[in-house]
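By written order: A, B, C, D, E and F. Residues from 1 in each chain.
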Amino acid sequence: MKNVLIISHKSPFDGLYIRDALDTTLIYAAIDQNVSWLLLDSALLAIKSTQSAAHLGLKDFFKTIKTLEIYDVEQVYVCELAMQKYQLDQQQLSIPVTVLSKSQQQALLQQQDMVVNL
Amino acid sequence: MKNVLIISHKSPFDGLYIRDALDTTLIYAAIDQNVSWLLLDSALLAIKSTQSAAHLGLKDFFKTIKTLEIYDVEQVYVCELAMQKYQLDQQQLSIPVTVLSKSQQQALLQQQDMVVNL
Amino acid sequence: MNINTVHMLSKPYSYYSTIQLDKLIASNDALLLIGDACYDHASYMGLSDKCYMLESCATARAISVDTGINLISDIEWVALVDNAKKSITW
Amino acid sequence: MNINTVHMLSKPYSYYSTIQLDKLIASNDALLLIGDACYDHASYMGLSDKCYMLESCATARAISVDTGINLISDIEWVALVDNAKKSITW
Amino acid sequence: MSKFVLSLHTSVADQHCLQNLSRFAHAALQSGHQIDCIFLYQDAVSHASEHLQLASDELDVKSVWQTLAELGIPLMLCVTAAEKRAIDINNTGLFKVAGLAEFAMLSAKADKWVQFK
Amino acid sequence: MSKFVLSLHTSVADQHCLQNLSRFAHAALQSGHQIDCIFLYQDAVSHASEHLQLASDELDVKSVWQTLAELGIPLMLCVTAAEKRAIDINNTGLFKVAGLAEFAMLSAKADKWVQFK
């Protein structure tokens, strides 16, 4: 079993980046790897709650993010600075996350066997 | 006749952005519009001299940039801060340019009838 | 109100850091936030006193309205662009 | 020399400003500049004492060598990645 | 009444951008303006490919374009951009294959060019 | 000897990125390593389209892939990424249509995964 980290750093509707990262995270969970997802900067906004892509006529991938819990993906990390920048607290997020300082993010990267930047 | 400004702000080998901007600039010159090209930040590096894309097995679009002079495109502008950042002076550029401060760039934008960001 | 340029932005402010947008926006310009730029309205507000945000984009992102930013409809969006000399999509 | 992570970069430093790379690079990591990152070697050099640049990419861009940066061949590139625990392509 | 030309620059994977262009186009026509052309340039040429396959809960991209075409807006794509991005220029559906010069001339006669990216 | 998997993420318009991947792959084989797969993901699925038309002074993209295939490297593309980007998944040339899970399993068995973007 490998420690695999998926990194996202694009905003929610920038291309399909967040959706690709979510797919990849779920797949590594399905094949029993020790997978984590790190949301840097504006990627954090993908897990802001009460949003509706359907309001724009687009697929509501915000709902799909909740399937992480069904697949037991519990290691979702967000950047402390991004939380401050976008004035979010954990109650405003759609899934449970661990908030990391920059030095904790550095340590997280060091522990991984593979890191995938999407 | 319209004042048309083409803006580039991506580095030379980032996709086809610089080549698209060059094509567009040449076309507006060919249809007799008053065209200018503004190279912001790392886009400036596209007109650094003595480079060779052929060395990488790629099309040598650095040579194509010189066709601007043949089509009488004389209004090529670069950012003063980018010149400093990449430690370039005008002798190291492949074509004659006008170096603009940020406030001069703001004035340039104001004068235009159309601005195309590529 | 004569607007020279409507600057259309669809990403958070830091996405445009290489361009140094703040120095390119003139006092007679307007900012229009669409798409993911709406998340970051706080960063944009200081750049211009004419700051607009597309209402549908803000609503989908559960963004509450601040004073100092004007929520506009699609029809008002067209009017904003039409009344300006030009627009730039960054 | 045990390298944990080789950070592969192909764009000028400011392209990565939202990621705050400087805080993610550890002391036992290496930087590898390829493509357009080579233009901006001056900005990268302070981030790590193990800084590499792909020779073919630098030559094509008419970049002269600085002390403190190691020009490497394709074969050395593979060895660098193979000897590290992993690589991250930013 | 103003004459607009619109250009799209992002690939078919960016559905939000297409949606924004479409909303703007509809609102412009409702406001009594004229749209002389929607032009696919750069990565947007992928919108002319006939092979898009999306699930039913995704934006119906095909019908967005169909509706714009039915409103009488000329839809064009840049042939050189398409060739460099591996788009089949012999099967471009609703889009007319055109040169960049053709679009540039339309834009020079228009009052406003609005880019979507 | 290590087992590598490589993935490409940029579209067929980014010839420099393909060239870098190709150089790395050749150097890896020369160094005695094994490459279990090159995987087209995200925008790179456009490399599987058969409609690329480039002038003779451009990189010969087709022959870059042909050479990698002849070295025995399995070439694969992500089917869901392709469907969302309007790539014809029935005509993918040298590339085998695969699921993301298939590649993920290969990567889990590999020593190194190197992304190119």
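Note that in this section a contact is a pair of C-beta atoms (placed from the backbone, for glycine too) under 8 Å apart; a residue touches a chain by one contact, two chains touch by 3 or more.
Everything numeric here is computed off the predicted structure, so don't read it as measured data.
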| item | value |
| --- | --- |
| Copies chain E and chain F touch via same or different residues, half shared test | same |
| Chain pair whose interface holds the most contacting C-beta pairs | E-F |
| Chain B-chain F separation of Cα centroids, rounded to whole Å | 33 |
| Euclidean distance of C-alpha centroids - chain E vs chain F, Å | 30 |
| Averaged-CA centre spacing for the pair chain D and chain C, given as whole angstrom | 37 |
| Distance from the mean Cα position of chain F to that of chain C, given in whole angstrom | 39 |
| For chain D, residues that touch 2 or more chains besides their own | 12, 14-15, 18, 35, 56-57, 86-89 |
| Shared interface positions of chain F, touching two or more other chains | 11, 13, 16, 84, 113, 115, 117 |
| Overlap residues in chain B, where contacts from two or more other chains coincide | 13-16, 41-42, 56, 114, 117 |
| Graph class of chain-chain contacts, one of line, ring, star, complete, other | other |
| Chain pairs that touch, as defined at the top of this document | A-C, A-D, A-E, A-F, B-C, B-D, B-E, B-F, C-D, C-E, D-F, E-F |
| Residue numbers on chain B that touch chain C, as the complex places them | 7, 9, 40-42, 81, 102-103, 105-106, 109-110, 112-115, 117 |
| Complex contact set, residues of chain D against chain B | 11-12, 14-15, 35-36, 39-40, 42, 56-57, 59-62 |
| Residues on chain F engaged by chain E in the complex (per definition of touch) | 11-13, 43, 46-47, 49-54, 83-89 |
| Residues of chain B that touch chain D when the two form their complex | 11-14, 41-42, 45, 48-53, 55-56, 86-87 |
| Complex contacts: residues of chain C adjacent to chain D | 12, 14-15, 17-18 |
